[in-house]
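Below you will find the structure I want to go over with you.
Think of it as A, B, C, D, E and F in the order they're written, each chain with its own count starting at 1.
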Amino acid sequence: MSRIDKRQYDQMRPLKFTRNINKYAEGSVFIETGDTKVIVTATVEDKVPLFLRGQNQGWITGEYSMLPRATEIRNVRDSTRGRIGGRTLEIQRFIGRALRSVVDLKNLGERTLWIDCDVIQADGGTRTASITGAFIAMVDALNSLYTKGILEKIPVYDFIAATSVGIVDNQIMLDLCFQEDSRAQVDMNVVMTGRGNIVEVQGTGEQSPFTREELDKMLTLAEHGIQKIIQIQKEELGEIGNMISGGFSVKQG
Amino acid sequence: MSRIDKRQYDQMRPLKFTRNINKYAEGSVFIETGDTKVIVTATVEDKVPLFLRGQNQGWITGEYSMLPRATEIRNVRDSTRGRIGGRTLEIQRFIGRALRSVVDLKNLGERTLWIDCDVIQADGGTRTASITGAFIAMVDALNSLYTKGILEKIPVYDFIAATSVGIVDNQIMLDLCFQEDSRAQVDMNVVMTGRGNIVEVQGTGEQSPFTREELDKMLTLAEHGIQKIIQIQKEELGEIGNMISGGFSVKQG
Amino acid sequence: MSRIDKRQYDQMRPLKFTRNINKYAEGSVFIETGDTKVIVTATVEDKVPLFLRGQNQGWITGEYSMLPRATEIRNVRDSTRGRIGGRTLEIQRFIGRALRSVVDLKNLGERTLWIDCDVIQADGGTRTASITGAFIAMVDALNSLYTKGILEKIPVYDFIAATSVGIVDNQIMLDLCFQEDSRAQVDMNVVMTGRGNIVEVQGTGEQSPFTREELDKMLTLAEHGIQKIIQIQKEELGEIGNMISGGFSVKQG
Amino acid sequence: MSRIDKRQYDQMRPLKFTRNINKYAEGSVFIETGDTKVIVTATVEDKVPLFLRGQNQGWITGEYSMLPRATEIRNVRDSTRGRIGGRTLEIQRFIGRALRSVVDLKNLGERTLWIDCDVIQADGGTRTASITGAFIAMVDALNSLYTKGILEKIPVYDFIAATSVGIVDNQIMLDLCFQEDSRAQVDMNVVMTGRGNIVEVQGTGEQSPFTREELDKMLTLAEHGIQKIIQIQKEELGEIGNMISGGFSVKQG
Amino acid sequence: MSRIDKRQYDQMRPLKFTRNINKYAEGSVFIETGDTKVIVTATVEDKVPLFLRGQNQGWITGEYSMLPRATEIRNVRDSTRGRIGGRTLEIQRFIGRALRSVVDLKNLGERTLWIDCDVIQADGGTRTASITGAFIAMVDALNSLYTKGILEKIPVYDFIAATSVGIVDNQIMLDLCFQEDSRAQVDMNVVMTGRGNIVEVQGTGEQSPFTREELDKMLTLAEHGIQKIIQIQKEELGEIGNMISGGFSVKQG
Amino acid sequence: MSRIDKRQYDQMRPLKFTRNINKYAEGSVFIETGDTKVIVTATVEDKVPLFLRGQNQGWITGEYSMLPRATEIRNVRDSTRGRIGGRTLEIQRFIGRALRSVVDLKNLGERTLWIDCDVIQADGGTRTASITGAFIAMVDALNSLYTKGILEKIPVYDFIAATSVGIVDNQIMLDLCFQEDSRAQVDMNVVMTGRGNIVEVQGTGEQSPFTREELDKMLTLAEHGIQKIIQIQKEELGEIGNMISGGFSVKQG
């Protein structure tokens, strides 16, 4: 017995990056994970938010949105409703935290990186695909600053990627598509670094509380998936990836 | 002496349609006009706005938005500001009016077509490209209703497309790119039908009022451009296009 | 066969200006075009919007609103709904563009003119009446700066006025009242200068696309009407009007 | 020693009503109290707010707004700020309460009267002028329902009018203009009926607490002024006024 | 015949202050008047609103809110609705005015006192309880500045307290609870100082206009109640209260 | 070496419940965890949100807010800003999910439980204290429905409580106070049931990614703390607690 799309339980969907898809942005990528498709742009702005002024450090902000017809049923735009929904704000905070965890904000200088993740088509895992893609766009943007001599090095401690795991029909599985996600008993998103450390774990058993043992199995499966994703990121970035964590003080983890 | 991108004054940029780029939408197209790139989806909803309830007719609504980094300088999202800007609302009304002008709303039944135009990259002419692409996505959506037997015919009177013309450095030219547009003395958007009638003319000489003679020349140039665009639309739609204006009472114009 | 209110097709409604109706405003006028009645005030503010700071030029902003019972059915106030509607924003931009096209913003200095058009009663043509009246209020405000010695000259290149034309029951006519406007096949607003040049043309055939020939006839009719309006403006302004376009570099058109 | 505008301390400004100034509204009046000028329209709507549905009674809602240049310094529109200010909301509630106090809401039927008070020019006392004018517009609107046979009688218990009193430079005075109001130690608004009863008293000594004796004197002065205003209202309404409080059960006070 | 809760008509409910209930605020009190319960905190901020910058004086702002279930029927939060209701704004302005009337803003220095009144349980009289409690929290906050040597004296002219009076079933009574208030013919809120002067009177006879004689009786009853409240405030503040109005120039009233 | 407040690393702060603190709410509790203090009310409403109408089940919604001075620096109210912040929305969703995970929504009937958590004073762990307290208020509200015979049983599967764990100065510790939380390298919130299953895990290492081993230790410590909390909840609820999970179909976990 296998999954809706014939995958094995521990198999993730095909992952594809298309870089430099925007002629204005300092970094950009189109990430496809199965039928989940996200455009990510990274914008460099030469100032920081008010609360950081004069502290000689940078900042990274994530924004996330879905096109109205990214989903099976058309969604009303946030701009039409006049307010951003709770789910969207939660994901924006999630993306920003993840990226900041691997960047040396002191060495970024008084700059803000705006990471815009716009979901063109949603088939589960949009927030984790956003982080995985955002890492590539962010590194490209930072590399453009390095290439121009504005930064001495690429101020990134480590690779970072994310995936989802969950329990569906009492079966633990990796990288849930929308149909699986919508009837999952447990849903967990995991963000990890290239060195195998955990940046964020968010597991919810709204439909059914879960045991420590199940949690352990899900984490192991997520780790397995994220290692594969980071391998693909490394191939995609090539030499630029080799500069990551080269000369800056290495952050713990 | 020629233009920034080596075009002739009466030459439009390369136009390309990629259809069915969204697996959920009833109709969808990715339109590229030079470096201007727009995703258009057409959604069929089985109800009409409040003001049309019980009147036994349909409706078409256009929505328009730009991704934050569609432009050289990143724009703050409308959802973050909590209100939709005047320019956006103006374009949304413009798109809806244009499409409604060639659709037999009575034969559409009590349905709304939501036409979402999301600009991925903006290099001038985003509102006219939106209309040109929206026509394709809309026809595809209506054809899907026809194919399923929900509509007896495709309730469209005529083809419709749009382009911009303007006066830059005292020279009348077709299909302005952003650099031309931003220093144009006169800027005009024209929407026309396959039969060569005018649906909308919007000409502004904020930088410099213009003469009737100049207006005439611009209209002739726009007509020339729109005919070429409609030819490409016809090739793209093939047989589906042949069903347009086949059996319904022909609207005047 | 004539019109609802017995006018000829090329006849505009009676036009009346009452100036200085507000004791605080630098310029003000009550304009009546038939039953369409608009209060316009022109306010001088000694600063410019953020995007113009330090560029040594002025700015003109138009605002437009209707009292709730300006129309047959009472409208909910924009302030109650918490957002300004698309139609209102479109008209505000339209008014600002028109006025800026005849003013030498460099010679205005770092000042903003706020042009407030508040419709007391609406019977068609409120946006064109607003522009026609705004020109008077604006010139009066600028004249008060000139009289006080703040400006050397009145920095206005030319007169400006606006009217509507349209096709109703297959008949082209001038200056549509509400009943005509609400069933027009084609609706066009035209803004022109004293020298007879076009500042803005906005023609829409949502109900029925129109031909180039019809467009030509409508433009000629609009031109005829606007010349009459500008004649009345000149009589109203008297000597102040003579100072317009006297000594500044003349703008093209 | 007399006042800025040469009035006696117990003298109110000239009061003038111009009725039926709006061709759509069921009742309308332009009220002028010195340089304070307000347009009031009364609109009849054939339904009541949600909280009164099915209770077989009517409702009266007051709305109040100032044109941007009603004041010496131009005000930003509430619609631009996206929210109605506290002062405006307070005055709207004040107007509604006052009018409801003299209307037999049961005999109004399931109807809402919308009373729109739009201040064209503000020179102190705009909220009291609004109430005084609103009474006239409301009675005219009710009379139109009576004339059409929709109401059996005009369901109004009594006349109502309002004025301001205050202490300026230690002197009690009636009907403060803006210059007096802005430096008043005590500011009081009083609403009273034709029978001399009090509907609302709002007295504030933010700049200086006041004694019971001063309160008494101010109330006597307000009573004196309101009686004069109601006399003018009676003359204005003529025979219509005679129908007020003719046959309905008389409310206490 | 007595009241719902067995009180005499001129008897107020038990009043209780619990001070210093918040470890962060410069001043705080939990005030209970019968079943009406309000948390008041006073916050000192070392800057003033924009309109007072550089004028060498301070400011006091009142904010008021009710927890959703402070009332019998749960209220939707203002933050959820996205706007503050008219009643809330009116009360906020009322609280700020009252407190400012007894404070020497010049001697406060360029500081803002934020007075937050959050109603935990509402049983009538929440706005007057807020003022009565706010006085205590404010004096404690000012005393903390005095104790630290930041202020030379406590810049307060006089005590201040508030209560409600009204006419219920034709009977004048003091300190209305919710059940009385909701069917009152007349409702009046009075704010007075320790010296017995009036700071604010707000009386409304929406259900029934009232006579001058009734007004007089209500004022006398309110005065009687407020004197008792101020007595309790004095006992509560003890020595700190003795410093009020000791050495500053005494304000009139 | 011990903690700021002398606790052991595995020691939680004193926990105290005060029930029935609101005379209107169906259930209410004042929960204190050290200096963190939250008022929780549970309101029963006899209808469900639109998306659940007619599905014969109930719903639970959590709302969360902080009083302006709950924190060291006063916060601007969400209602003043006109929008609810991302952190607040995230916590609201977190509370709702947690409570729904242990309630049999089918047996709740078409009712909504509104759980309002208002933070009076914040010293770290406000969201976990909210859940721990909300469980008590919710059970009391459900018990009141059971006592009145409206529900046959209390439709709750299990107890639920929450706490925080984290890594501060490289030391894993339980129940972080604000000073610990603000400099934590890793911060984790855990929600668990009486049977020891996990409902939600949210761990973030924004300052420093963490290892699987550290995650395991934190989970064990959280489990230890939550068992103690649930013991206190059981003592507090007494016999009512014994009815939990008595007769309904037991949910997995």
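Going forward, a contact is a pair of C-beta atoms (placed from the backbone, for glycine too) under 8 Å apart; a residue touches a chain by one contact, two chains touch by 3 or more.
It should be emphasised that the depicted structure is a prediction, and the values quoted were computed from it without experimental measurement.
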item: If a chain touches subunit B and subunit D alike, it appears here; value: C
item: Minimal step count in the chain contact network, subunit A to subunit E; value: 2
item: Most distant chain from subunit D by Cα centroid; value: A
item: Centre distance in Å when subunit E and subunit F are each reduced to the mean of their C-alpha atoms; value: 34
item: Mean-CA-position distance for subunit E and subunit D (Å); value: 29
item: Distance between chain centroids, defined by C-alpha means - subunit B, subunit F (Å); value: 52
item: Residues of subunit B touching at least two other chains; value: 82-84
item: Contact graph of the chains (line, ring, star, complete, other); value: ring
item: Touching residues (chain side subunit B, partner subunit C) in the complex; value: 83-87, 89-90, 92-93, 97, 100-102, 158, 185, 188, 192-193, 195, 197-212, 215, 219, 223, 251-253
item: Footprint of subunit B on subunit A - complex, ascending; value: 22-25, 28, 35, 39, 41, 43, 45, 63, 65, 67-72, 74, 77-80, 82-84, 114, 116, 118, 120-121
